[in-house]
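There are two complexes below, and they share chain A, which is joined by chain B in the first and by chain C in the second.
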Partner chain A sequence: MNISNQEYGELTKKRSPNSKMYKTLPKAFLIGGTICTLGEGLLNLYAYLGLKEEHAAALTSMSLIFLSALLTGFEIYDRIAQHGGAGTLVPITGFANAVVSPAIDFKSEGYILGLGAKMFVIAGPVIVYGVSASVIYGIIYYIIGLF
Partner chain B sequence: MEYCAGKTFRYDHASVQTYASVVGKAENEGPYGGGFDEVIDDNKGGADTWEQAESLFQKKAVGHVLQKARLSPDKIDLIFAGDLLNQCVSSSYGLKDYYIPFLGIYGACSTFAEGLLLAAAMVNAGYADRAIAVTSSHFSSAERQFRFPLNYGGIRPPTAQWTATASGAVLVSETGKPPFIRAATAGKIEDMGVNDQNNMGAAMAGAAYDTLKRHFTHMGSHPQDYDLIITGDLGLVGSDLLHDLFARDGIAIESRHKDCGLMLFDRSTQDVHAGGSGCGCSASMMCGHFLKRIESGELKRVLFCATGALMSTTVIQQGGTIPGIAHAVELTSY
Partner chain C sequence: MDVFMEYVWAFVIGGLFCVVGQVLIDLTKLTPARILVSYVVAGVILGAVGVYQPLIDFAGGGATVPLTGFGSLLAKGVKEAVDKDGLIGAFTGGLTSAAAGITAAVFFGLIAGLCFKSGSKINEK
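Now for the complex of A and B:
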C-alpha cells in the first residue's frame, strides 16, 4: 500500500460521520426524562395508596423492571432505545433490558448453557464492578468514620 | 518486503448459466425490491433458530438456481459456499441435503466473489462442467454472534453497517452465452490498522483499492473502460475512502463506482446507518439485479469487487485490528 496506516487513520477520521448530537442529546433527555417521570409518578401513586416510602420506592423499581422486561419481550424496548440512546440505557429499565434480551436470544441454546449462562453477558460486568466499587466505598467510608 | 502484484486469471470458457437470490423483508423493501427470486417475509421461514433460517436461505437460493437450469443436484460437479457464522454452518447445514461435492470457503463478506473466482477457474480449467457458488448472511444470526442480542437497546454509531438477510447463488458453466466471466484477481490481506468494529467500511477500503488497482494494471484497463465497478459492502465511509485512495493517484472512479451496501437498502428511510453488509449483500444485488443487466447487454463490461472484513471478536477484544480483503471478478456481455 502506498499509504501509511497513520495517514489512512486520519483519512478515516475525516470520512467517518459523528452522531448528530443536536438530535441525539435532546431525544435522550426527553425519553430518559419520561422514564424517570414515570418512576416518580409511580412512587407518588404507591405513597398515595398508603405504602411506606421505602416500600413504595422498592415497588417503583420493580414496576419499571417489569415494564422494561415486558417491552423487551414484545420487541418494543429496543425500538424506543433507537431514539432514546443513553436515555433508555441508563435508567433501571436499561439494566432490565440488558438481562432480558440475552435471556430471550440464547434460549435457543437451552436453559442451562444458553439462557442461564448467557443471561448476564452484558449486565455481568456492571454487577461485578458495581459490587466491587461499593465494597471499596464501604471501606473508605469506614476509615473516614474512625476519625 | 517487495510488493507482490499477484496475477489476474483470464477465463475463456466460463459463463454464469443461472443465478438466483433469496432475501428477507427489509431487503425487498429496499430500492431493488421485487427483483429477487424469493422473499422470506418473517426472515425465519418456519425455522426454529436464526442459524437454521440462514441455512434455509442458502438451500433455497441453490434450489432456485437448479430449478432455473432444470438440473438435478447430481448434475453439479462442485459447490463453493461460505458465510459469516462460526464454522460456516449456514453453508454446511444448508447444503448437506444436496450431496454435491462441497468446498467450504471463508472470505467474510468477500466470499461471493471468492466463490465466483473459484467456480469460474474450475470450469475454465475443465475440472468441473458445472460449479455453483453460493453465500448467505442473516442479520439476526450475525448480530448474536458478533454483537449484541437482538432485543438489546444498544446504540449503533453512524459508521456501523447493517448485515443483509439474503443469499445469492450462481451456476457457472461453459454456455457460450453472457454473462461471461472473463477474469479475476484474488485479493491480499490488507491491514489498515482499523480497530473499530463499527467501521467495517474503513477496514475494507484499502483492500478494495489494492485489488482493483492490480486488476487494472494486469488487464491494461482503466476505470473508465468499465460500465460499472461494483464493490461489495464498503458502505458510505468505505466508498468515500476508496474514492480518496484513487484520487491520490489522480484517478476519479466516482462516476463508475456503485456499492451494493449503498444500494440494497434505502438509507434515508431504512435505519441501516452507513449501509448494508454481509456475504448476502453483494450476492443478492448481483443475482437480483446486476447479472440480469449484464445478460441483457445493458451493461457490457463490469468489474465486481466484493470486500470482506476479516474480523474476529476475540482478537478485537485482545486489542487487535481488522484486516480487510477484496476479490475482483470481471464480467462481460460479449
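Now for the complex of A and C:
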C-alpha cells in the first residue's frame, strides 16, 4: 500500500487515541480511585485519632504528599505513573511528584537555581493561577456582599 | 455498611476525576502542567459557586484528593477570610487555607531533592 507520510500521520492520529483509550481510561480510574480511597482512609484515621476535621484534612494532604515524595525519590511513583496516566497526575500526589521530580533531577544545576527554582516548574503555574482565581473570587464575593 | 459505601464513593468519584483528566490527555494535546492548572482553577470556580462542598460531603477523599479539591480549598479559605476580615481576606484566605499542602510539598520536595539522586536514568545508559 502506498501512502504518503502525511496520510500516514493522519491515519495514526485517527487510530491511536481510540485504540489506546480502552486501556488508559480504566487504568486511570483504578489507580486514581485507589489513591483517593487511601486519602479517605487517612482522613478517617486522623479523625478517629481525635483531630479536628480541618486538621485531619490538612494532615491527610501532607501524608499523601510525603508518600509521593518518598515514592518519587525511589523512582517508584514514575513507574506507577507510566500505567496510571491521569490517575497519578490529578490527585495531590501528582502535584507533589511534579515538585519533587524536578527538584531531584535539577539538583545537578545547583541548590539555588537548580533544585530550589526548578521544583516550581509545574507547581509555580498551579499556584499562580489557583491563587489568582481565588483572589478574583474573593473580590467578587466581597462586592456582592456589599449589596 | 455506611463506612463501606463511603470508601466506594471516594473510589468512584476520585476515579472519575482522573478519567476526565485522562480523556483530556488522550483526545487533546493538553500537557500535564496545563491539566493541573485547569483542575485547580476549575476547583476554585466549582468551590465559588458552591457545588464542590456538597461533593466533598458525599465523596470525602474522592473530592479532596484530586487537585480540584486544592482549588476548592483556596475558594473556601478566601470566602471565610472575606466574611471575617473584609476585602483584605481576598488576599489572605487562599494561601492560609492551602498552607499545609503547599508547605509540605516545598519542604518534602527540598528534603527529597537533598536525599535522592536522579540515578537510574544515568545508570541505565
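Here is the rule we go by: the second predicted complex is superposed on the first by the 128 of 147 C-alpha atoms of A that agree within 3 Å, B and C clash if a C-alpha of one lies under 4 Å from a C-alpha of the other, contacts with A are read in each partner's own complex, and residues count from 1 in each chain.
Rule of thumb we're sticking to: a residue touches a chain if its C-beta (ideal position, glycine included) is under 8 Å from a C-beta of that chain, and two chains touch if they have at least 3 such contacts.
Not measured: the values here are computed from a predicted model.
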| item | value |
| --- | --- |
| Which superposed partner A:41 touches (first chain B, second chain C, both, neither) | second |
| Which superposed partner A:72 touches (first chain B, second chain C, both, neither) | both |
| In the superposition, chain B vs chain C on chain A residues touched | C |
| Chain B versus chain C as contact partner of A:82, first or second or both or neither | first |
| Partner chain in contact with A:112 - chain B first, chain C second, else both or neither | neither |
| Contacts of A:49 with chain B and chain C, given as first, second, both or neither | neither |
| Touching partner for A:127 - first (chain B), second (chain C), both, neither | second |
| Which superposed partner A:5 touches (first chain B, second chain C, both, neither) | first |
| Chain C-contacting residues of chain A that also contact chain B | 17, 20, 72-73, 75, 84-86, 89, 94, 98, 100, 104-105, 108, 122 |
| Chain B-touching residues of chain A, taken from the complex the two chains share | 1-3, 5-6, 8-9, 11-12, 15-20, 72-73, 75, 77-78, 80-82, 84-86, 88-89, 94, 97-98, 100-102, 104-106, 108, 122 |
| Chain A partner contacts - residues on chain C that touch it in the complex | 3, 6-7, 10-27, 32-33, 35-37, 39-41, 43-45, 47-48, 59-62, 64-67, 69-71, 74-75, 77-79, 81-82, 86-87, 89-91, 93-95, 98, 100-102, 104-106, 108-120 |
| Touching residues on chain A, where the partner in the complex is chain C | 17, 20-21, 24-25, 28-44, 57-62, 64-66, 69-70, 72-75, 84-87, 89-96, 98-100, 103-105, 107-108, 115-116, 119, 121-123, 125-127, 129-131, 133-135, 137-142, 145 |
| Interface residues, chain B side, partner chain A - complex | 48-50, 144, 148-155, 157-159, 190-194, 199, 202, 206, 209-210, 236-237, 240-241, 244-245, 248, 271 |
